[in-house]
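Quick one: the structure is below, questions incoming.
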Amino acid sequence: MVNPEAVLSSRNVSLWYGETRALNQVSMDIPERQVTAIIGPSGCGKSTYLKTINRMTELNSSVKIDGLIQFRTKPVQHYDVVELRRRVGMVFQKPNPFPKSIYDNVVFGLRLLGRRRKSELDRIAEMSLRRAALWDEVKDRLRDSAMGLSGGQQQRLCIARALAVGPEVLLMDEPCSALDPVATAKIEDLIFELKQEYTIVVVTHNMQQAARISDRTAFFLTASLIEYDQTKRIFENPRDKRTEDYITGRFG
Amino acid sequence: MKKQTKQQVFLLGVTFAAFFSIAVLFFALYFVARDGLGVISWEFISAMPRQRMTAGGIWPAVAGTVYVSALTMGFAVPLAVFTAIYLNEYASKGWVVRMIRLAIRNLAGVPSIVYGLFGLGLFVSTLRLGHSLLAAALTLAVMALPLIVSASEEALKSIPDSFREGSFALGATRWQTVRYQVLPLAIPGMITGSVLALARIAGETAPIILTGAAYFYPLIPQSVSEQFMALPYHLYILATQHEQVQLVRPLAYGTALVLLMLVLSMSLGAILVRSHVRRKRDW
Amino acid sequence: MKSVHHGFHWTAAKDRLIAVLLLLVALLTVVFLMLILGFLITRSFPALKEVGLWEFLAGSRWMPSSRTPGYGASRMIYGSFMVAAGALALPVPWGLAIAIYISELAPKPVREVLKPALETLAIFPSVVLGFVGLVLLAPWIARVFDLAHGLTALTGVIMLSIMALPTIVSIAEDAIGSVPQEYREASYALGANKMETILQVVIPAARSGITASIMLGFGRAIGETMTLLMVAGNALSLPVTRVWGVPIPDFLRSVRTLTATIAIEGLDVPWGSLHYHALFVIGTILFTFTFVINLLTDWVLHRWRVED
């Protein structure tokens, strides 16, 4: 029933915040080393779906979840949550670096894992910052506060921070919505680079962005997955009338 | 035009009320300082009382107040901080949390003299600690608990959730998130709140009368099972209980001023640190 | 890899353990409240059995160390309420005016002086205020009203007013500050001026919080000990005057409160005596009053939040 090719597979996932249903019977398979975009109007459940994957929704005690999300070989509930979140990294809508130095931000996750050797931390920090295309801009001021960086740099720092613990999947929750066009372009280039090595799921309200960067696109509406297919197909020849209406800008 | 005049009178009245409160504060300060400053000297602070407290200094009362306040904080701050962490970082809703919050609010409303009675019943008599530094500090600690819990919660609430989310998403456990992300940022606020609570506790009289403060005990306590003198109680005695109230009045002014300076310097320090930290923080 | 995986689960277990420990610490607050309540009730019990609750609440003769002891606390209860109620008359309008000034009118630099000043007033030790009342206000009261001494209910009320002020201001200010800006804009748009907006829109919208601030001020006043002990005279006679045969509270007479009684007698009383237990009855009565006031305040505040 679950697609063995997929990194992440969900089947009939429903979620309630108290009495409000935020996800309704969502089933989708996310393939490895591709960018999957999730689009839809505000409140359609796209961010909730993302946060259900790495079990961030559990932090809210009034949440009830039904259905199955499988990561690799077993359901996410069967993982130790720490291991799950290490292997499935997340980047948030608003850049949220910790008010510490740039270096301390990048190695925070490693230190949690008990890595203490300075040479190892230095090596991984440099590698992660390079992958996040930030190294050249910050290599001379690793000890400065991360709060002094620009918004776009902060967001790339958050990506580097997530990469440092060696994830297989990166979940990105509207990673560019707080950024200007130049910074957005840099993040988009970065996403394109990163998919060589990582499976990326990106929630966005920006349809051009989804069209530019993703291989597959899922369209959510009022808590349900309406359509999920190759991005090209979704944008050029949607099957569902509601997808077409949304993409052509008739609502949302 | 008439409407305008009415409004002018109203606004003027409200403004006057506000500035009048400052006037009252400064008048009280001035009044105590005017007659107290002449009494205060190094000798007054550092000498023992002599001749049935009609001469000499107030050193045992200063030391007693410092000791009992420090001991109180030693008991109360860890408990209060952990309670605040539980309530703000761990607890979801539910009846246990509601009950804890209700208990804290009611502890905050218990009159100070009832705390004294409670301390007398539990620590002094039932636990056989006697009238002692320890019994008084434990009593004050229960009293300080709700003050420090709410100050600490305030500090924790001011930390944006995005830091917590970022930490969780990197696989940190709740405790790791609290320990490495939340607490370091909340500690300045917690210290400020604790110092403000300390200032309030140091000025308390009613609870310690019944649990350990001595009318006259011209010694520096060497152990927590001894009685002690305390500035607020000493002032009360000099002002109303001494056999020669008029004769010791200057000493009473001096004691009042020392107590006031102690308490106000603590709270002023805390307020200044708070505004400094607020201005300096970059998040 | 296997061992790392194992380590992760250990971390999670440790986290659960910490959660349990924190819960236990937090529950101490409940334990303390229960202990206070338990001690008050169990230590009261011998006196209640011997004397009866009714005698405490209704009796007017308080003579615990007499050979024919009396345990009527009604005059002290009356005294506590009279002083606490009197201590609202001044600080309620005054505090409200300050709260209005701070949140509606004050320029930022003024506000940044005013708020710490009120915090400072809140932190004044009650014994220092009692001292100021004793040496400054009491002689003045005696002179103005031509009394033998100035240790009267009025002296206590005035000093208590100063103490209750910061409590009332800070909560009322919170309430006024949380009134949405749109209300004010809507009022101005209808042509109201500042005064009308404040009095007819802002204050009514903040009324629950203001009510709560008054109740908390009352609770604080009922529980205040040292100031009253020092300036209110502590006489056990009933402070009333008859005007055309109708008894009305007389604020120019000395008054004894529940709190002062415990402070005066608690130190010398022999542990385990009937008198000792009688003081716990007084403590229980005080606790009950403040507990009920707290619950009511809670209820009012809760309604205020729900209204939003």
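A, B and C label the chains in the order they appear, each numbered from 1.
Assume a residue touches a chain if its C-beta (ideal position, glycine included) is under 8 Å from a C-beta of that chain, and two chains touch if they have at least 3 such contacts.
The structure presented is a predicted model; accordingly, all values stated were derived computationally and were not measured.
Farthest chain from chain A, judged by C-alpha centroids: C. Of all chains displayed, B has the C-alpha centre closest to the centre of the whole protein C-alpha set. In terms of their C-alpha centroids, the spacing between chain A and chain B amounts to 48 Å. With centres defined as mean CA coordinates, chain C is found 17 Å away from chain B. Computed from the mean C-alpha positions, the centre of chain A lies at a distance of 53 Å from the centre of chain C.
Looking at chain B, residues 173, 176 sit in touch with two or more other chains. Residue positions 81-83, 113 of chain A each touch two or more of the other chains.
Of all residues in chain C, those that touch two or more other chains are 11-12.
Residues 4-5, 7-9, 11-12 of chain C are the ones touching chain A in the complex.
For chain C in complex with chain B, the residues that touch the partner chain are 11-12, 14-15, 18-19, 21-23, 25-30, 32-33, 35-36, 39-40, 43, 93-94, 97-98, 100-102, 105-106, 113-114, 116-121, 123-132, 134-136, 162, 165, 169, 193-196, 199, 216, 219, 222-226, 229-230, 259, 262-263, 266-267, 271, 279-280, 283, 286-287, 290-291, 293-294, 298. Only residues 3-4, 6-7, 10-11, 13-15, 17-18, 20-22, 24-25, 28, 31-32, 79, 82-83, 85-87, 90-91, 96, 99-100, 102-107, 109-118, 120-122, 125-126, 142, 145-146, 149, 173-176, 196, 199-200, 202-206, 209-210, 232-233, 235-236, 239-240, 249, 252, 256, 259-260, 263-264, 267-268, 271 of chain B touch chain C when the two sit together in their complex.
Contact residues of chain A toward chain C in the complex are 80-83, 113-114.
Contacts from chain B toward chain A in the complex involve residues 92-94, 160, 162-163, 165-173, 176, 180-181, 185, 281-283.
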